[in-house]
Structures are given as C-alpha cells and as structure tokens.
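A, B, C, D and E are the chain letters, set down in written order, and residue numbers restart from 1 in every chain.
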Amino acid sequence: MRKFKDNLLRGFLWLSAFLTVAILVMIVGFIFYKGFRLINIDFIFSDYSPSGHGGIWPMIVTTIYTIVISLIIATPIGIFAAVYLQEYAKQGRLVKLIRFATESLTGIPSIIYGLFGAVFFVTTLKLGMSIIAASLTLTIIVLPVIIRTTEESLKTVPHSYREGSLALGTTKLQTLYKVILPSAMPGILSGIILSIGRIVGESAAIFLTAGTVAAMPEGIFSSARTLTVHSFLVTQESGDIELAAAVGIVLIVIILVLNLSATFISKKLNKADY
Amino acid sequence: GNNNQETESSNNSSDTISISGSTSVGPLAEKIAEKYMEENGVKIEINQIGSSAGITNATSGVSEIGMSSRDLKEEEKANGLKETIIAYDGIVVVTHPSNKVKDLTIEQVKDIFTGKVTNWKELGGDDMEIVVVSREDGSGSRDAFQEIVGYSSGELVRSSIIASGNGNIKTTVATNKHAVGFISFEYIDPSISTVKINGVEATAENVLQQKYSLSRPFLFVHKEELLTDAGRQFIDYILSSEGQAIVAETGAIPVK
Amino acid sequence: MSRQPVEIGKSNRRKYMYEKLSSRLFQLCALLSVISLLLIVGFVFYKGSLPFVADGYSFIDFIFGDDWVPSEDKFGIFPMIVASIFATLGALIIGVPIGLFTAIFLAEIAPKSIAKIISPAVQLLAGIPSVLYGVFGLAIIVPFLQNNLNLAKGQSLLAVILVLAIMMLPTIVTVAETAIRAVPKTYREGSLALGASQIGTIFKVVVPAAKSGIMAAIVLGLGRAIGETMAVILVAGNSLVIPTSLTDSVRPLTTNIALEMGYAFGTHQEMLFATGIVLFSFILILNFVLAKISAKGGN
Amino acid sequence: MNTTVVEHNKAGKGNVSQMNQQSEGTIKISVRDLDLFYGEKQALYSVNLDIQEKEVTALIGPSGCGKSTFLRTLNRMNDLIDNVKINGDIVIDNENIYQTNDVIKLRTKVGMVFQKANLFPMSIYDNVAYGPRMQGIKNKKELNSIVEESLRGAAIWDEVKDRLKTSALGLSGGQQQRVCIARAIAMKPEIILMDEPTSALDPISTLKVEELIENMKKDYTIVIVTHNMQQAARVSDKTAFFLNGEVVEYDETSKIFSLPSDQRTEDYITGRFG
Amino acid sequence: MNTTVVEHNKAGKGNVSQMNQQSEGTIKISVRDLDLFYGEKQALYSVNLDIQEKEVTALIGPSGCGKSTFLRTLNRMNDLIDNVKINGDIVIDNENIYQTNDVIKLRTKVGMVFQKANLFPMSIYDNVAYGPRMQGIKNKKELNSIVEESLRGAAIWDEVKDRLKTSALGLSGGQQQRVCIARAIAMKPEIILMDEPTSALDPISTLKVEELIENMKKDYTIVIVTHNMQQAARVSDKTAFFLNGEVVEYDETSKIFSLPSDQRTEDYITGRFG
C-alpha cells in the first residue's frame, strides 16, 4: 500500500516534469517554427521601416536599455529592502504587514502599473514617454519579486555565519556583504533571472510609459519600442504571428545570454563557489 | 556636443514632432512620417497607445498631436482640442475562408451581431453556429460599425468574442470557421474572406463613390497653443496630394 | 576600580558611521519600495473610488450588476468576478501541483545532468513575453479545445486556465526548486536512516521544511499569471457572461482592464480602476487564504 | 594514568574473561574486504570485521580515519553521496546488504543516531512517531505508546512529556540528542549505529546515554563511534581501532585498552594522556 | 577516580600553591551582580566573577545551566538575540563593556571560538584572513604572515599549508575547529572565549588544542566552557561551577577538583564517574 502510494507519487513527479518539459518544448518549438523563416542578419541588424517588415535593431537596443536600467535600480533596492526586512527590522507586525503588502502587489496587472507610470513618471515627474520612465515603472513591478526571493534566501543562511563573523569584531555591514550575501547568492540570482523575464515579457506597462516609437533611441530620455511591445503590436494590430514569433526568437536568445551572464557574474562575485 | 543637444531636446523642441494615439491610425501615420522625415530631415516620434491615451497626451502636452480613430467626446472638445480628418478607413465584415456566405445585407449583419440569427444555415451557409467577434467597447472601429449597421453596444450578442485589435480579430476569424467579425481595409489578407454588403465589394473606390457605407474618419487632434510650425507643416503635408497618395497606397481612403 | 563609559575608538568611528548610514540606507530602500507600492495602491484607489464618491454610482450595482456596457453607462462586473475566481482557482489547481512536482523532481530526483539542462530551460520559459503565450494559446490551445470538445469556439474558461497555469509554471518551478535545494542535508539523512523511502522523505520532511519558500513560489507565480494579461485577452473570448461551464468564454477582471483601458475615457476609465480595486482585494484575500493554508499545513 | 582508566573499566564491567573475539555469540554483521572510494580517493582499505549480536562495538581512531564512513556503509547511507564506490561484502543476518534492493528494510533494521542532532522541524511527538508512521502505523493509541516507550527508553520522557506537541528544535542540545535516540528506537531496529552520540553532551546527559546503551544491549546490537576513550572503555564489549582507513586492531575492549597488540594502537590510546 | 585526576593535574601544573583566588595577578575581567533574562526567563542570577589575566578559567556545569549564556555576555554576543535583558556590570580593563558603544573594539579584543565549527564558505586562507581584512589590513605579505602565524598557532599549519586556497568546508571536524581557533587568534585578541572547543574532536586533536591553550596562556586570557572534567582539570587554573544560572563555586581548579567546598559541586564532579 505504502509502496503503491510512493510509486504513485513518484509517477506524478515524473509526469509533472515531463509535462513541464513538453510544454516548454512545445512553446519554444512553436515560436521557432513560426518565426525562423524571418530570421536573418538584415532582420536583426537593420533599422525598422513601417513600410515592409524592416529590421528590429532599434527594438533590441531599447529592450537591452530597459533591462539594464531596471535591474541597476531594482536589484540594489530590492536586495537592500529584503536585507532590512530580514536582518535589521524587528520581526513584528509591521514587517509582516509590509511583506503581505508586497506580496499582494505582485498580483496587480501590469497595465495598472503602466497607467500609474504614465501619470507619475511621464506626466508628473515630466520624464515624458521615455525609456527611463518605463524602466522606473518596471523597477516597481519587479521589486516584489526581488525582495521576496532575496528574503527567502537570506533565511537559509545559517545563523552561525553571522555569529562567527560578528564575534571577530566586524560590523553588521561587513558581515553582510562578505558572508551573508555571498551565501544567499543562488536565491538572489533566481530572483534576478525571474525579474529579467518579467521585464522582458512586459508589454502593457511599457507602451504606456516608453511609447512605441520604432526608431533607434538617442538616449534614455527617448521614447522607444521594446521587442515585446513590437510583438504585441503586430499581434494585436496586424495579426502577423510569424513576425511576432520571429521577435520571440530574438528575445529567447537575449534572455538566454542574460541568464547565463547573470549566473556567471554571480559566480564571479561569489569568488569561491563552494 | 551635437549628440547631447539632440538628447536633451528630444521631447519638446521644434525639430521633433511627437504624436501619439490610436493603434489604427498609427501605422498609416508612421508610413507618411517615414517619407516626410526623409524629405525634410524633421524627426517625428509616433506612439501607438490607443485613442484615449493619445487624446489625453495632446491635452496635457505630453504629445503635440494626438491620433484618434473615434470622434472626440464633448468633454474632450471642451478642453480646446481641434480635430483634423486625415483619412477615412473602410470597415469590412470578414469570415473564415471556408464560409460559403459571401454576401450579406446590412439587416442581416445587424441580425448576426445582435443575436437574432445564430446559425449560418439561415443565411444560406452550412448548418453551424455563428460565432460573433467584435472589438472592445470604446474602439473607434466598433463605434463606427455599430452606428452604421444600426445597433447599440447593449444589443450586441452577449456571448460574442471580444478581441482587442484588427490583428486579433483577424487571427480569431482565420482560425474558426464559425466566426464573423469586422476589420479595417488595411488588414485584409488571404487568411480571411471578405463579405460584400448589399452586393457591394469592400473597396476604397466603392467607399469614395459612396456605394459602400462602412467607413469612419481617422483624426489628428491638437491644441492650437501647443502646435509648432513643424507640426502644422506635417499636417499640411498629410493633407497635400503627396500625403494623400501615401494614404491610398496603404489601403486607407484619402480625404477628397 | 573605575567604571567610566568609554569613548568609541577612533579607528572604529568610521565603521560605526558606515554602519549607521547603511542601516538607514536599507531602511530607506524598504520604505522606498513600500512607498512606491503604496503610491500605486493610492493611485488606483483614488481613481477607482471617484465614480462612487463623486458621481453617485452604486458600489453594490458595480459588484453585483451583470451588465457591462460602458458606452451606455452600465458598469456591472459580476460576471468578471465569477470568471476571475474560477480562472484563478483552476490555474492554481493545475499549475501549482505541476510546478511544485517539477521543482521537487529537479531538486531531488532528477540526475544532476538532467536537472542542469532543465532548470535553466524553465527559467528561460519565464522570460517569454506573455503575448507569445497568448499567441501560442490562440494558435494551438484554442483550436485544440475547439476540435476535440466539439465547440463553436475554443476561447473559453478552460483555455484561460491552461494558459495561466502554463504561465505560472516557470516562476513556481524556479523559486520552489531553490527553496527545496536549501533544505539541510541532515534532514534527508535523518529521515532515510529511519527507513523512510525517498518519496516519503521528500513529502514528509523536505517539502514541509521548505514551506516558506514554496509559499513564495506560489504567490509569485500567481502574481505573474494574474499580472500579465496580454495572453489571457487572446484566449478568453472576453464575453460578458457568467460562466456556467468550463467551455464558456469569459472575461476575467484583469482582461477587462487591459482590454478597454486604451480607449476608455472619464467614468469608463475610472470604472476600470475600480475593477482594479476589486482585483486587488481579490488578491489580498487569496494571499491571506494561501498563508492560512500553509500555516495549517505546517502543524 | 592510562592504567588507571583501564583498571576502572575492568572493575566496572568485569568482561576481562572474554578473551577471544568471534569465539562466542552470534555474528550479526560480517564485513569482508571492504574498500570504499570517494571518487578517486580511497577512504576504507580492505576492512574485515565481525560484529557480535547484542554487544556494543566501539570504533575509535583519529579524526578522518574513516570511522563515520565505515559506520555509514552498514546502513548504506553512503548511497546518498555521489561517486562513492564500494567493493567487498557486508552481510547482515546472512543477507548481503549490497545485493538487496530493499534499502528501506535494511535501514528499518539498522537504526542510526547522528553526531549532530538532526531532528526535523516538527513537534517532539511527530519526530518520534515519524518512523513508525512511515511504516504505515496510523493507530493513535499504538503511536502514543510507541512514542512514550521510546522516549522512556531514551531517558528523556520525564523532561519532555509535558511538551510533546511543541517544536523539537526548542530543546537543549542534550535533550535533542536523546530524542534522536528515541526516534531511532521507535523503529524497533535490531542494530543501532551511533556516530559520536555524546560529543555535544554534558557529563550528566552523557552518563544517561551511556546507561541507556548499557540497557539497550539486551535487545540491540550497537555500533558506536566515539572519540572518548573512557567512553569506549566504559560502554563497549569490543573495540576496533581505525587508522587511515584500515582496521589496525579489533579485539575485546579490555584487551585493547590494557594490552594492545599493535604499537600504533598503544600510541593512540596512551597519546590521549601524553 | 576523582582523586586520580586531580593528582594528575597537580602534578602536571604544580599550581597548588596558589591558594587564594584574586590574591595575585591582574584582574582582566570583573563581573558584578550579573543577571540575564531571555524575555521573562532568567538565565543568570547575580553572577560575580573575577577573571585573572593570562590564566585559563574553566566554566563547568550541567547542560542548560547558563555557561554559554555567561560566556556570550563577555563579548556581548547576546546582543544578537532579541529580548535579552542584562543587569549588572562587566568590566574589562577598567572599561564597563555594557556602557560603551564600541562593540567592535570589544569583540576585536575578546575573540570567540564556538562549539560547532562555523567556518565561512570560503577558502581556508580567506577564513583566517577575514578578521584582519575587516580591520583594514590589505597588504598581501602582512596577511600571508598573519595567516601562517595563526594557523601555526592553532597547530594546523602543517595539515593545511598545501590547500590554503581550497574550501574550508572540506576539512574534517577537528581541522575545522582548529582553523576556527586560528581565525580567532588572527585578530590578536587579548581574551579568548571558547565554548566547548573540543567536543567534536578526537583525542589527538583535543590534545593539540589543549596544548595550544597551554601555550596561548602566555599571551592571552582564556575562558573555556567544557563538559569534560578531565579537560577542565588539565588545562585550567581556575574553575567556576555553574548550576541553574548561579555560580555555585569558583576557585583554584585544583581546589575544586580535590576539596570542593559545596556539596553540589562535589556531587557533580563525582557524578561523572558514578
């Protein structure tokens, strides 16, 4: 009977993993199948033109801008906030409340973040529709993800590390960046990778704050179009699924590169990866 | 030096015209702007973010010109917005290519969209359920379509699929042999089949000759005090014969 | 023996300054995130409450009305509330077990070489734009349902549930896998040494020990699925009916907002914000329930 | 000094009369030519050892000599470590444990107490009931009596009987260690392996555990790793001295501590008091 | 048995002549009327203790009597625990450590070695260099010499000199403990607190650590918690016996082990061999 239950559960484990992988393969396969015909050097590296398909180089640049800027802002703030909640703040009602609020906010649809960004960053702060306004909006969207995953990984750092370090006459800060954060790195990393996904995947919040200008951005104060917004627009307006999928292929490659480099950088930061 | 200056001034300076609004007008505006920029060296930024957002931006000054595929509401006009019709857009009823029904009267279209007729066999097609696909409430295409066909949003059949853009309607209809919907002329392609209304083919020509009634205007809106010379010149260019020629090329209907 | 209080050593004074500064900085960051989050809530609540406060619309009618015709000033979201509840629960029921089981598989059962390939691949899945999930849903799932269930249209509650479940998978798998891997090895050893099977060990000791991280996984996964609406718009059908079966096409709250916001104006727009408030409360309740369930599961 | 201790041992146990190992009693565990490799590194070299039923066998030796490694081969806990290669035979009750597939049965029969108390983050009750529950025992009454009996057996019942439902992690180190023993006993194993079970304990708790071992000998075959010579002398019937992965000497405890036949054994034992 | 041990101690150390505590040498640490509460629960009751400079003071007593708690008050490690309340004074070198804000200086001066080795997940070298680096020492040569000196001081240099750059977590328990000691010594503290530093060690490692303590006495004031009576007898000059949060007796080690003045002390010490 117990054996049966064990085998049943084991079967589910295999089945689930199989399903996940199958879905993965199906989706990636679908995107590649639909889009690969459009992929060529020209498509990737040339300028966009509204007449005819044109290239997507401006969107690639814009996408990278938004990822880099959002992460540069959100990662430290998110990690520091998690550090505060987990290492500094007295674990009480308030912290619980903050945590609960942060969690609940992960469920707000991004279009609402977009509207907020359009009113706050674009209009009130007079940033105009721009890459920076979009990146700030995205920062808010991914903060809860980074905070929560960082908090979880801080929890798993053994207390004895903290004691060991402090007993050597180090400050909390030194302990933090020399011992605690390096040990928490795997969790923080997965938070960052998820954030990259969220940033890259976002469309609604971006087109309301960065706009959809299909030209090469001159800087972070330019209005511009990301790859996802591009694929969103072509899907919604012209129903050109092949083009949307081709853009998807480029995105997948970008994400792959980013994820790998995030892993690489974290290993580097973590000098000795024990 | 040069580069810096451009960056700083990208929002409000006289050498960049910022336009935002309707996703239907957007592609047309982009194409005209592409040509115009080539010829005049002016920079034009076009953001396709929806008619309402465009109108809001034109009002608040975030953009110089707004694009709308619907008429201005009274409150919006009260804010001092001026509108310019830059083109007309034809709307066509579309079905799955396998659908045998190729011609409908306006009455029949109305019956379909209000749910009086629910099976294609009543219209001379196969015996199968009709799946109605409409745009979202507030869409310019939908406003125009409903007004001309003669039913209100409240009458639209409850179970209709609501799709959020021409492309989505097209994809939905192209993958469902029960479906019927409506899209702009510009988006017609072989994946869907177009339906004649009262025996009249959906072409720009027929619209111009007022034989085909499903059409609506594309608008540019602006506030006088915010419009720059460059902006005014661009609007003039669109209305010129050169500009209207591009309008015709894209499949939209020039203003005469 | 003298017992005077002691001055801080010179060399350490700077350290204490950094210490103070950094703790202030951390606090500031926590506050910053909370403030920005509160700003958004405030913004949504302000905009969303206007119709009821300033224009005299009835909140009850808004919640329980089943007519949504903005152009005719009818704003009832009851069908959407029902749709949201069914869609979310359905997605949770399918997505959470598959996601958790996959995470467990990757962390505990899969040979290292296999896990090393699958884990990053799943993370990759997290980065695919929701639009493409939607396109996938529209091109594959919708016709599949339509043909196999013999429906007139495949856009349906079931399609929404499937797409949402798929979209929450990467987040759940990634976060939960990290949490499970962090469980100390001694627990596993302790259990196995008691003659527990590997599966028994996993479900009785390892998973409970990773509870907090698993909760985080579910909450974040759900957030991702609810937050990103573009995929749902494409497969929901967005009809304004109270769903009575899995094959009805539906309009969840999130879709309503994303679908109409581009063209909404005035009261219509404010009502979409009000929809946001309802959605927010809905998520609060959901998280609260999840927290309660997990607390119960711990005892 | 050395002699003093052994004198004490002799006096206390009076088992000097047992002169020949393997000459009496039943052999419970028989180890033959056991080699163990961690990857390339060999940790055990041709170990041969016969362990008598219902006796206490102590394993002593310097740090890193392979005591824990050897102990863990007896219930196949080394299976959990990657790249472990094992040659040779271990036969328990006439069954070669490396030729069976039923590791669960093996581990049910061979209980283990770890050096560091490793209670689960559950209540005391649940910890002790864990094993029996895994065996499929659901009956409340039966579980209650198993838990009580095991906790009594581990000499900890009185200290915890009022807080059975509270978290086991709130106990002191000594208490946790005894609950670990209770948890092992609850399985009613035939053999109990203990890896330095008292290293974290104060003398009183140590004494209690030692008394416990003395009592348990009636019912169980016990193998214990210890660094404490006096403890080995006090509790064990036989002692094996490990050095660099080899068994240097294996004999009656009294013999090992009074007349070790190998110079290295003598060095080690007397080194204690050097 | 009891006498034997003390005899050994007397013989080994010959400090029987010191008859009066506090009568000679300098007082390094002076504890007055120290009460400590964990929340509501009182863990230390009016502890008074003068600890002599450059001597070894042992703290003994049954599990849970407050030894660790007391030890941790001396470098204010209890600050890390929420809800700890402390009354009374601890004066080190004429400075009341609970009236200073400079905990860093205090902890630099008062090093600590924990019961469970708590090395950081870094290389051996980085572990030992951790403290000095945090003090701002960057010079490679200087660090190298500190690391070597400390590892030599902790009698572990020869065992690890070839693998300084490998993970410290790959060492055996005994090696780890000695690296912990090296890590503490590297700070050049004046006082070293040790909480059962040899409980996880084999006799040889224990011996090495004890020899180390013997040597370190020349330079450091050492306070050691131990469960091992022999160890207390062997290494310490003075011994304090704790019971239920109180100091029952504090005197020359030789006195405590031969002629304890309190019945409870005698019971405890002899109980070891009951």
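Basically, contacts are C-beta pairs under 8 Å (C-beta built on N, C-alpha and C of every residue); 3 or more make two chains touch, one makes a residue touch a chain.
These figures come from a predicted structure and were not determined experimentally.
Graph distance from chain B to chain D, where chains that touch are one step apart, equals 2.
Common neighbours of chain B and chain C under the contact rule above are A. Taking the mean of C-alpha positions as each chain's centre, the chain lying farthest from the centre of chain E is B. When the C-beta contacts at C-D and at A-B are tallied, the pair with the greater total is A-B. Spacing of chain A relative to chain D, judged by their CA centroids, is 51 angstrom.
Annotation: 82 Å between the Cα-based centres of chain B and chain E. Distance between chain centres (mean CA atoms), chain A to chain E: 48 Å. Under the contact definition stated at the top, the residues of chain D that touch 2 or more other chains are 116, 134-135.
Residues of chain A found to touch two or more other chains are 2, 171, 174, 235, 241. Multi-chain contact residues, meaning those touching two or more other chains, occur in chain B at positions 23, 49, 53, 164, 168, 171.
Against chain B, the residues of chain A that register as touching in their complex are 49-51, 118, 122-123, 128-130, 207-208, 211-215, 218-219, 221-223, 233-241. Those residues of chain E whose C-beta lies close enough to touch chain D in the complex are 1, 4, 8, 61-64, 115-116, 172-175, 196, 199-207, 227-229, 268, 271-274.
Interface of chain C with chain D (complex): residues 112, 184-197, 200, 204-205, 208-209. Listing the residues of chain B that touch chain C in their complex gives 23, 49-53, 55, 70, 73, 75-76, 128-129, 131, 136-140, 143, 152-154, 158-164, 168, 171-172, 175-176, 178-179.
If you check the complex, the residues on chain E that touch chain C are 30, 89, 91, 94-96, 99-102, 104-105, 136.
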